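Multiple structures are listed underneath, in structure tokens.
In what follows, chain A forms one complex with chain B and a second complex with chain C.
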Partner chain A sequence: MSHLRVRTREGGGGISVVYVDGYLNSLLGEEMERAVYDVVDAGGAGVVLNFEGTKLINSIGISFVIGIVERMRERNSTLAFCSLKRINQELFQMTGVSRYVRLFDTEEEALVFLAQSV
Partner chain B sequence: MRLLWSHGAEFSFRPGEFFGRGEELSALLRVCLEGKSGIGASVLIYGPPNIGKTSLLLKLKLELQSLPETSAPPRPFPFYYSFSKILSHPLALSQHFLQEYLWQLLVFLGESPPASFDLEALCENLGARGHMECRDFMSAHRRYSEKGDGLSALANAFSFPFATGGNLWYPVFLFDDIQYTIKLQNISDGAIFSILRPYIKSGHFPMIVSGSSPGHVTSSLKREGLYGSFQLVEVGGLSPAASVKAWVPLFERRKIRMPEHLMGRAAARLGHVPIYQRMFAEEVSFRNGQMEDEVGFENLYALSVTEGKLNRYWREFFENAIPDRVNRARAIKFLKRVICDQFPIDTFEGAFSLMGISPEEGGEILSALEFKGLLKSDFEHIQFIRDPVLADFLYWAFERGVLGKNTPQVAASIVQSKISRAPLEEGREEHEKSAGVAKEMMRRWDCREVPALLFDFGRFREKFRGKGLLEIVIGLEGDPGKVKLPKISSVSTGYRALRGGSRFDFDLVAYGFREGDFSEENLVIWAVDVHTEKKIASAAVEHFENRCRLLSLEKGLKPGQLAKWILFEGAADPSVVDLAVRYGIHLTHRTQMRLFLNLFGMEELEKGQEETRPPEPRGGEKPLEFELVLPMKADTEVVAARVAEEVAAYASLDKDTVDRIKMAIIEACINAFEHSGSQTGKVRLRYILSPEQIELFVQDDGKGFRPSKGDDDAKRHRGWGLKLISELVDDVDITTGEHGTTVRMVKHLRSGHGEGSTTSNDEGQ
Partner chain C sequence: MSSLPRASEAGSRRPKGYLAGGIGTVYKLRAIRDFAFGLSRARNFDESLRLALMVIMGTFSILKGVIFLEENGEFHARVSRGLPPGILPVPKSKDLLRFLRRTRKPVTVRRKGTAAVVKRTAGELESAVPALSAEILCPLGTKKGVLGILLLGPTLTGQELTPRQRETLGVMASFLSANISNHRVVLEISSLNDVLRVQVQENKRLLAKMREIYLDTIRAFAAAIDAKDPYTRGHSERVAKLSVSIARGLGLPEEDVQAIHIASILHDVGKIVTDRAILVKSSALTRAETRQLQKHPKTSYDILSEIRFPYPDVALLARHHHEWMDGSGYPDAKRDHQIPVGARIIAVADAFDAMMSNRPYRKSLPLTHAIAEIRDYVNHHFDPQVARVFFRILRKGLNGERGKVPFLPKEGNGFSRREVLRFLDGTLEEFP
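Take a look at the complex of A and B:
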């Protein structure tokens, strides 16, 4: 349906779900960053990053994720991750990202969590 | 018959004849209903002209209107608006938009709108019934109109709907033919989106936007930062099953009989496009035609496309798209070659040279065609639509206009070609996919050296029969025979002969230059055929050779200037292989192709078809060593990861361990790419697999790398690479010397090994 590697969907209550598909390198990282900032700039209350389609993440991709985490914290917007592959979950643990963001197995769980905390 | 591009509110949409597209409809419906809770998204629908985008919108409108009234307000008010009817003046557009909106709103509210289409009257009507007060808006609009301020008038008109409704309804915009908005006088591209931006972003007002030249629209969306808010939906022909079903009501109403076995053929002949099916049914009914067999059907079809409804339909289309006669003739002649003969054109440059006119004139024609959706462009690359009816129409126009044949003659030759051709080739899609992959790969050749065995199926089979993938990879590297590929300047999808006079009768034709030297003597042409059948026949090889000879003759190619290549997927008898060898035809099987693609970092054709992995781990044997040299180019690290995956699979490692190894090697490569400052631009990788451990070496010839000190915003989060590597594998050593840096990573494969990691910097290396 879509040719985009990063897609955004409204998940309800001002929360958007951003899907990141493919190899999360600098190119995709930029796309992802733009999509998240678009949501925040438009006054969105929170973002769920869905990594289900993310095959690999490299360190540059991680740096984009960290950038997003920082920006969201600065703005007091809420953020959650969901549907991570095990290796990617490990990567977020190694880099400490998971200390600042809640990881969920499914998108629904993430949305429920954000809906409560917004 | 009413032409499609003059549709709008008066367009004769027949819901009873709407078939298929269930998936698209339910997705769109969901998007529209989500507006109620402020989570509505926006959708851009695109596709060739006449494919049924408008019907999809109108069907959606109908569905939204017929929602049960029991649900709590606000209700969605579907407002269909086509930009194709508007004049190019913004004042006229704003006026018309308001009229349409008010008119449709009154109907939606169950009121009878006034007979006149007068803005004031509509407005009063709405006010008198207590629905809303819109006088202020109207007077502002009048003021702008009097001042001639088009942009303000537009902003006023397009903001108006959002002020209506309150808690009772919310507008759902169904914007059709959006590409026309770029034709507005003195208004920049995308001004409409700029006005609508806040409403789109709000999520309360779902917008479904449809058009035939997505390139124009998506660039507007990108400029407005709205691209991310839109989902893209491409609309093509119906599914074969749905289009066969679509015949039933069309024929029933007109009491037409068509044998069931013909329905699939007929639907396919019309490209599964609903509007053609309807026109064809009208044609049959009008002529009171009989369709008892294939010939009967083909005759009626040929009649329609040469002098009947289908003909008139496309004739009017071209008259409308390109009013200038000379340009129209050029466009038709050009399109005949591209769409009908499938002349291999996929760049602007190629198109201009085929038209034989200047880029300015040619550009005008192409942009008119793009506007009407006959081609889509993506930077330098252009792609033309495939439409069997259009192809036949163009054939008629060309034969009649250029060759002076009369219509019955042309019709007869159309019938003949359709009857003589085998009905719908099976597996065509598979074939096109394979050709597409090969095409993409050839574009990347760029003078690289590859194992000659990849082009020689006979020897390849002899050497590697029954061997595992890794043994094959090693064997290929050890084989001295290499082929230096040319630099490809263009590769196009060719075509199989339709109606005589074929020149590029191949699946792919590539123009390349040896050593990357763009001179006449270094020109090489690669002719490629792709066979997806279960078994390749010797007749196919003969036929290919004959066409190659013709091409050679025609182009005056010297020996060695034409490379002949057959790609195939099924089985091949030794006699066929011998035949290819005798003719000097390169022969590559799917298994070779996978290796070939891997060299260029491309995906396999299909996963999981024939896994060539050996069954058991190779414990207890001496270490196996593999080497790989990678160019320092973005994303080539993925190739290193893939090879690591293959090596790891060889030892039957669990998925988590494989993932960790892959990530580690990716990080080591990226570090080398980014920090080494290498002169050669290459990274050498070694993978050593023993029963105890897997050892990975990533070596560059640069100056050594340190964690980046750059602290500018873009890089401030960087520098994870080495930390990650040390987490991912069991041991890390980094040695830097004057000949470069080597990162050695070890992952122990048996339990009981330490978890520590070491980092040393040995200047003596």
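Take a look at the complex of A and C:
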């Protein structure tokens, strides 16, 4: 890969922000999963998944998202999503994902929320 | 998941515009497309199964799933997601087989009215995968038989699949079954190929051995003829080698080359009925003796046409090896292309070897003399194309390009390789 499609940034207070750019399918899903688990395995307190650059999510991408939601729940880590395009937000509602993860319009709102919950 | 705190719906809005009520259909269609892509584009079989499982789980928001495939009388977990490794194989029980033979569509396990056999089957599978609470059992198979089982856990929301969703899952499962079945066919074909390859090698070996035995028999036969005429010992074998070289040089099909090989070994077999006195006579033959000697190609034909050779026209080639291009040969006075090409080849090889051998009535001729003789009789006796290839073979032989040439004399005794090569080059200039 010539450019980084999944990046991680330290958001303060043990919270990391993972940016997912492109088409969330099998390849990008694996990268996203690895980035989130790296944070959790390193003892991070919480993760914000920033979907601002995510154009589309396919069924395999949803499968990865569901896996992450479940794994974070098992580890009692906090998780929030932010900056979703409308179509992806509706997809999360339709698949039931949004019932278990807080969705925020902006990264700042998500970080504030997680800082209070941790 | 029901124990999870529900996230607030603060960030969500109601779908508007074309998405209202449509996103489900779009997502489902895309999922079916992803499913087909996953099956066709995967780098290997296991990846195709993994992608198929992920599409299914993503489409229906399912947390855990496993695909069992039937292998060696057991069901083995081939791919899984959301489950710890180390899933045990499941033996083929009566219940399991009964369920798989009876059921074609996905079934929900925990429902009122679910058949007892389904519940028992789910129980057997769960004992191999304790981390999975089985919700959906989906048989994998074709009309030909059972291939495996797709076992799925609960959905993210804990809701049961709707009848429509089960229908979509059924379509995906049948695609998946076709993919597994194709993979099995490919495996069977490749193992069959291995068996065939070994068989073909064995057949080739046997065929080569049989051909050797067959050639040995023919050589023994030819040796019997040569034995009758001590002056021509080894003649048949040398003519055969040269004839085969010319036939290959002319680019003839392998079947014709083999026919020429056999015919050139046996071309003089008719001499078996010629009086030995005639064969070894050192003075000129009488007309009656010449007539008798000239019967040998026809006699060769009569003998050889009784044998069923695996190559075409062997007897005919022996019959015509003394025919000349201008029609002055025997036994049928054929000319030009009426004479089979194999016979035209044997004629050149036979004449050359005769000139290079000691005869009862003369000593062997010098090599340049023999070459000149063939050159001078091109178009009268010999085919120019055959002669040209013959000269080239001779040149290659003299240059050492073809290893030892058995019909060439040794250096010395009036034979100079360089001189002959110069002579050959001059001759070849006349045959562009």
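Here, the second predicted complex is superposed on the first by the 116 of 118 C-alpha atoms of A that agree within 3 Å, B and C clash if a C-alpha of one lies under 4 Å from a C-alpha of the other, contacts with A are read in each partner's own complex, and residues count from 1 in each chain.
The definition used in the following text is that a contact is a pair of C-beta atoms (placed from the backbone, for glycine too) under 8 Å apart; a residue touches a chain by one contact, two chains touch by 3 or more.
Predicted model only: the values in this text are computed from it and were never measured.
Considered on the superposed chain A, chain B and chain C are sterically incompatible, since they clash.
Of the two partner chains placed by the overlay, only chain C lies in contact with A:D105; chain B stays clear of it. Once chain A of one complex is fitted onto chain A of the other, the partner contacts of A:I62 extend to both chain B and chain C. Once the two complexes are laid over each other on the shared chain, residue contacts for A:G96 go to chain C alone; chain B is not touched.
In the overlay built on the shared chain, the residue A:T8 is in contact with chain B alone; chain C does not reach it. With both structures placed on the common chain, the touch criterion links A:R73 to chain C but leaves chain B unconnected.
Of the two partner chains placed around the shared chain by superposition, chain B and chain C are both touched by A:R86. The superposed model shows chain C running into chain B at a single listed stretch; among 153-161, 171-179 or 333-341 it is 171-179. Chain A residues 25-26, 58-60, 62-64, 66-67, 86-87, 90-91, 94-95 lie at the interface with chain B in one structure and with chain C in the other.
Every residue of chain C that touches chain A in the complex is listed here, in rising order: 1, 4, 6-13, 15, 19, 23-24, 27, 30-31, 34-35, 38, 51, 54-59, 61-63, 81-82, 155-157, 159.
If you check the complex, the residues on chain B that touch chain A are 27, 34, 37-41, 201-203, 225, 228-229, 231-233, 634-635, 637-638, 641, 656, 659-660, 662-663, 666-667, 670, 715, 717-721, 723-724, 727-728. The touching residues of chain A, counted against chain C in their complex, run 25-26, 58-64, 66-67, 69-70, 73, 84, 86-87, 89-91, 93-105. Remark: chain A residues 1-4, 6-14, 23, 25-27, 34-35, 38, 42-43, 56-60, 62-64, 66-67, 85-87, 90-91, 94-95 touch chain B in the complex.
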